[in-house]
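This is the structure I have questions about; it appears just below.
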Amino acid sequence: MRPKITVEEFQRFIEDEIPLVPMLGIRTMEIGSGTAIIRMQFSENVLRPGGTVSGPALMALADVTVYAAVLGMVGRFEHSVTTNLSANFLRKPGPADVVAEGRILKLGKRLAFGECSLRTAEEEDLVAHVTATYSIPPR
Amino acid sequence: MRPKITVEEFQRFIEDEIPLVPMLGIRTMEIGSGTAIIRMQFSENVLRPGGTVSGPALMALADVTVYAAVLGMVGRFEHSVTTNLSANFLRKPGPADVVAEGRILKLGKRLAFGECSLRTAEEEDLVAHVTATYSIPPR
Amino acid sequence: MRPKITVEEFQRFIEDEIPLVPMLGIRTMEIGSGTAIIRMQFSENVLRPGGTVSGPALMALADVTVYAAVLGMVGRFEHSVTTNLSANFLRKPGPADVVAEGRILKLGKRLAFGECSLRTAEEEDLVAHVTATYSIPPR
Amino acid sequence: MRPKITVEEFQRFIEDEIPLVPMLGIRTMEIGSGTAIIRMQFSENVLRPGGTVSGPALMALADVTVYAAVLGMVGRFEHSVTTNLSANFLRKPGPADVVAEGRILKLGKRLAFGECSLRTAEEEDLVAHVTATYSIPPR
């Protein structure tokens, strides 16, 4: 199935509407129908003590990634909001770009549920795993 | 019990080490032994579509708040990292400062577990509720 | 506010409808409007390796407790279902009854969100902490 | 890699040590190194109001399944305990056996993290998704 939003539309949308997105160097790579790959550039802005990427930066990336996967299924829809996000941080990433892969596991009438795996661009090991639920209000 | 870190020490520490903190206008108000109150200023930087505060900004605030409550018990300790953070978003906050109250529910030898309630400065209703676990590596 | 379900009604309802409830020795102690206290008797049925109470038994107790707190606000309503439950196990309880205290933090039109603290009947320290979301379908 | 525990060993272990396992008709199907498939028989014992499988029964199944996947990597090890379990219930299963597939996403020195997908034996759609963390104390 063709995604209901393109990489370019989604990137423009989030850059215009979510100031954290350009600050964190978040760049959409791929969107499918219920899948998305999004990359976060390593920069000073994502740091935390210890020279590693901060949890909030990783959660921001995961949130945007699962959101992209949702919009890939339902189209641009600003009123979808996150209702639950649960993150497990599995190891400290080194100073590198982080790539997030998200996919929707269930699209219901009112809720979408997905997961997201985060890795650095260089390594196979998971840095973090996130699950997230989005409400889909009636149009 | 006296907290093991002061408001000023913690604020300086996070401002120096976590670039997201000044970007998001995060300001420490109180730290006790296992408790903390931290405020996030409403600004363009915390926005998301719909004119409300973004989930990642709220999670960043909650993460810092529970971290402050942990350091209030164990002292400045950079190597403590979040291992799990679970956020429930309960209603969209209006355009207002957000105040987070965190408290530690369990301090073990290797893990600290706490919760955090987020409200706007003007209203009593919860905006979000977060639980978080921090690892405490052996010194 | 008076609770919309009594201890006796709720206990009869869960005993009739949820076979795990009598198996696990779950007994409702108090229900308020958005609060509940429920006790689980120590018995062979709740065991796990190490002579301690199993995680699933604790999660069953917490689920029923937050459910009781929800029904205390909305009345007997069988079609409310758990949509998310997140449990943190903080220490191994000894061989003792476990008491769960639940309270609703947000009652919306479609979702109720609550938390639950679990302790043994003898000790103050938390054994586990649970957050849970229930859907409330339109009647 | 060969799993460090066999289906028979694991099944005997959990039946002997966790009374809920035989009550809920939980039967180990496959264990690999970091993976497991476990089935829960539909019976009166797993019911909840509405004729569907109860959340606690599903969480018990998921907990055992991720535990099996952990022991598939580290061998029989009774002192491993669940520290966090987060369940998302995606749709009400009909009256049918439930099959859980678990896999470990990260095995560290002190913690193992895994996920579990639950489906009925007849349908492809997810019934629930669970993530869980287990502590692995030093031997």
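The chains carry the letters A, B, C and D, assigned in the order they are written, with residues numbered from 1 in each.
Please note the rule applied: a contact is a pair of C-beta atoms (placed from the backbone, for glycine too) under 8 Å apart; a residue touches a chain by one contact, two chains touch by 3 or more.
Please read all numbers here as calculations on a predicted model, not as lab measurements.
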Task: Chain pair with the higher count of C-beta pairs in contact (C-D, B-D) - done: C-D
- [ ] Can you grab the rotation angle between chain B and chain C? Superpose on CA, round to the nearest 5°.
- [x] 180
- [ ] Could you please state the distance in Å, as a whole number, between where the Cα atoms of chain B are centred and where those of chain C are centred?
- [x] 28
Open item on the list: Suppose each chain is reduced to the average of its Cα coordinates; what separation in Å results between chain C and chain D?
Closed with: 21
Open item on the list: Can you compute the centre-to-centre distance for chain B and chain D, using the mean CA position of each chain? Integer Å is fine.
Closed with: 33
Open item on the list: Could you pull out the residues of chain C that touch at least 2 other chains?
Closed with: 83-84, 86, 88, 133
Open item on the list: Chains as vertices, touching pairs as edges: which of line, ring, star, complete or other describes this one?
Closed with: complete
- [ ] In the complex, go through chain C and note every residue touching chain B.
- [x] 84, 86, 88, 90-91, 105-106, 108, 113, 115, 117, 125-126, 129, 131, 133
- [ ] In the complex, go through chain D and note every residue touching chain C.
- [x] 13, 17-20, 23, 44-50, 54-57, 59-60, 63, 78-79, 81-89, 92
TODO: Please name which positions on chain A make contact with chain C in the complex.
DONE: 83-84, 86, 110-111, 133
